[in-house]
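Shared between the two complexes below is chain A, which pairs with chain B and chain C, respectively.
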Partner chain A sequence: MFCAANVAAEASSEIVHGPKVVFEIPLFGGISITETTVIGWVLIAVIFFLCLWLTHDLKKVPEKKRQVIAEMAVEFVNNMVKTSMGEKFMGYAPYIAALIVFSASGSLVGLLGLRSMTADINVTATWALMTFALITYNKFRANGALGYLKSFTKPIFLLAPINILSEVATPASMAFRHFGNIAGGMVITTLLYMALGALSNLLHLEFVLGPFTLDVAAVGIPAVLSVYFDLFSACIQAYIFSTLTMVYVSSAAE
Partner chain B sequence: MLNARITDFFSIDLGTIIPTLLNTIILFLILKHFLFGRVNKVLEDRKNAVAKTYGDADAALENAQKLETEYSQKLEKAKEESAEILKNAAKKAQQRSDEIIDEAKSEASAIMAKAGSEIEREKKRALNQVKDEITDIAYNMASKVVGREVSEADSDRLIEEFIDNVGK
Partner chain C sequence: MERAIVLGCSAIGAGLAMIGGLGPGIGEGYAVGKTIEAIARQPEAQGDCTRTMFIGVAMAESTGIYSFVVALLLMFANPFIGKL
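Moving on, here comes the complex of A and B:
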C-alpha cells in the first residue's frame, strides 16, 4: 500500500507541475511569462473577435442569428446581476461577464490539451483579490473609513481577530476553491492517463510510433471523467466564482 | 522551448499575477465596449421603440374614442333636430289644414247664405209672377163674367186685395 502510494506521489510530482515558462522579459531581473498568461492573451484575442463578429451590424429588429446570440448572452448576465445585486449594480455586468467568460474558457482550454489557465493559483488568486478589492471599496463607500474599521469590532471588539480572519478567508476560499477544483481535476486526469498507460503496457497494448505512444486502454475511458472534471467543473466553478463575487460585493454595499 | 523552465505546481508568481490582472481588466473593457455597450444600446433602442409604438397606439385609440363620442353626440343632436323639424312641420301642416278647412267652411256657409237669399228672391219673384198671372187670369175671367171692362186700375186694386186675402 505504502509503496504504491509513494510511487503515485513521486509520479504525480514529476508529471503534475505548474505552467511552463514560455519566455522571459528582460526587465526588473527577468519577468517569466508562463503558459497561463499566453493562453490568457489568446483567449482575449478570440473573445475580442467573437464580440466584434457578434455585435457587427446590430439592428433594432434582429435579422441575424448572431445578434440573437449576443442579446441572449448579454441578457443572461444582465438578469443574473439584476437578481443577485439589484438594479443599481448594473455597471458590474460586464465585469461579471468577463469573470464568467475568462474562467470558463480558461478552464475549458484543458479540453484542447492545453494547460487550464485556472489550474494556476496565481490566476484564481488574482480574481479573488479583485473581488476582495471590490468588496472593500464598496464597504468603504457605504460606511466610510471609520465605519469600515468599526465594522470589525461588531458585535463586540473581542471578535475583531475573527472578523479580520473571515474577511481574509473570503478571497482565500474563493481562490482555493476554484484552483483546487480545476487543478484537482487535472491531477486526477493525469494520474488516470498514467494508470491506463501502465495498464496498456501490462496488457501489451502499447504501441510506440516514433515520438508518439498509443495506449489502447487510454482511449475512451478518460472521456467519461473528463465530462465531469473538465466540462462540468469548468462551467460550475465559473458560475460559483461570479455568483459569490456578486453576492459579496452587493452585501458589502449595504 | 525544449529547455523551458517549468514552474512549481503551487507557486506565487507576480509575473503571472500582474498580467492576469491586466488581462482581466482588458477583457472587462472589451466586453463592456464591444458587447455590453452595443447590445444594451440596441436593447434600449428597441425598448424605447416598443414603448413609443404602444404610446402612439394608446393615443390613437384615445383620439378615436373621443371622436366617436363626439360624433355620437352630434348624431344625437341631429336626430333631435330632425325630430323637432318634423314636429314643427306636422304642426304647421295641421294648422294650415285647419285654416283651410275653416276657410272652406266659412266660404261654404257664405255660399249657402247667398244661395238662400237668392232662393228667397227667386221665390219672391216667382210668387210675384204667379200673382201677376193669376191677376191676369182673374181679370180675364172677371171681365168675361161681368161682361164689361173693368177699369184696369180698379181691377188691379181689387184683385190685389183678393189675392192678399186668399194668400192669408
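Moving on, here comes the complex of A and C:
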C-alpha cells in the first residue's frame, strides 16, 4: 500500500510540475527557462554541427560514407515531399526535413535519460501553429482574402461555426496527438520503473552503491517497452506530424 | 469532505475517460487487418500499404489520445480542486 502511494506520488510529480525550471531570465518579471527549452537549444546546436560535418567538402562522386548518408537523408525527404505534395511544393522540403529531424531527436532524447522535448505541449503546439500559419497562408494565396472568408460558408452559410471549429481543430489535434503519444509513453515507462523498483525493494533485490540504486527487477524488462514507446513511437510521430503538415498544406493550396 | 468527493469523482472520471481507448483499439485493429489482406493480395505494394496504414492508424489514434489527455488533466492538473 505504502509502495503504491509512493509510486503514484513520484510519477505525478513528474507530470504535475512538468519540465523542471533550469534557470530564470530576470526580464519582464522573470522568464522561466525549462528543461524543454534547454534540451531544444542543445539539440539545435547538435543538429547544426552534425549537418555541417555531414555536408563539408562534398564531391561529385561520393568518396566518404558521410556524404552518402547525407545524400540518403536528403533523398528520403525529397521523395516524401514529391509523393505527398507534388513537384511545385519542393520548396517545403527543407522545412519538412527540419521538422522531422527536430521532432524525432526531441523524442529520442528520452533514450538518454533526459525528459523528451516533445512531452511538453508547448513544443508541439508551436509546431502545430506553424503548420496552421502555412495552411492559412496557402489558402489566402490560392483563393484570395474574400475567397478564404467565403470558404467557411461552403455548403451553406449555416455551417460556418462548424467550419471555423474544424479549422481550429486541425492544429489542436496535431499538437495533442504528438504530445499525447510521447507523454503517454513517458508516463507508462515512469510507472513501470517505479513499479519494478518497488518490486525489487519487496524481494530485497535492491543494492545501494553510493548515490546509485540498482534494482535487479528493473534490468532488461523496461527495454522491451522502451523499443515501442521511445524508439518506434518517436520515429512514427515525427513522420506522421510532417506527413500531416504536407497533406494539409498541399490541400489548402488547391 | 468536499475535497475528498471532488478527488474521488475525478479519479472515477479519469477511469471513465480512458474507456475512450476502446474505439481506437478496434479501429486500428481493423485498419491493420485490412492492410494485411491488401498486402497478402498484392505483396509488391507492401511499402505503400504500410505507409498509408501508419498515417491512418495515427489519425485514428487521436480520439484515444484526447481521452488520455482528459484523464491526465483529471489526475495531475485537476481544474476542479481550485474551484473549492
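Simple rule for what comes next: the second predicted complex is superposed on the first by the 238 of 254 C-alpha atoms of A that agree within 3 Å, B and C clash if a C-alpha of one lies under 4 Å from a C-alpha of the other, contacts with A are read in each partner's own complex, and residues count from 1 in each chain.
Quick note on the criterion: a residue touches a chain if its C-beta (ideal position, glycine included) is under 8 Å from a C-beta of that chain, and two chains touch if they have at least 3 such contacts.
Quick caveat: nothing in here was measured; it's all calculated off a predicted structure.
Superposition of the two structures on chain A leaves chain B and chain C fitting side by side, clash-free. Taking chain B and chain C in turn and counting the residues of chain A each one touches, the greater count comes from B. In the superposed pair of complexes, A:R141 makes contact with neither chain B nor chain C. By the touch criterion defined above, A:K150 reaches neither chain B nor chain C. In the superposed pair of complexes, A:V21 makes contact with chain B only, with no contact to chain C. By the touch criterion stated above, A:K64 is placed in contact with neither chain B nor chain C. With chain A used for the fit, chain A forms the apex of an angle whose arms reach the C-alpha centres of chain B and chain C; rounded to a multiple of 10, it measures 110°.
With chain A used as the common frame, chain B approaches chain C to a shortest CA-CA distance of 7 Å. Overlap of the chain B and chain C interfaces on chain A comprises residues 16, 183. Every residue of chain A that touches chain C in the complex is listed here, in rising order: 12, 15-16, 173, 176-177, 179-181, 183-184, 187, 236-237, 239-240, 243-244. Chain A meets chain B in the complex at residues 13, 16-22, 31-34, 36-37, 40-41, 44, 47-48, 51-52, 54-55, 58-61, 67, 70-71, 73-75, 77-78, 93-95, 97-99, 101-102, 120-123, 125-127, 130, 183.
Contact residues of chain B toward chain A in the complex are 1, 4-13, 15-17, 19-21, 23-24, 26-28, 30-32, 34-36, 38-43, 45-46, 49. Residues 54-55, 58, 61-62, 65-66, 68-69, 72, 75-77 of chain C are the ones that touch chain A when the two sit in their complex.
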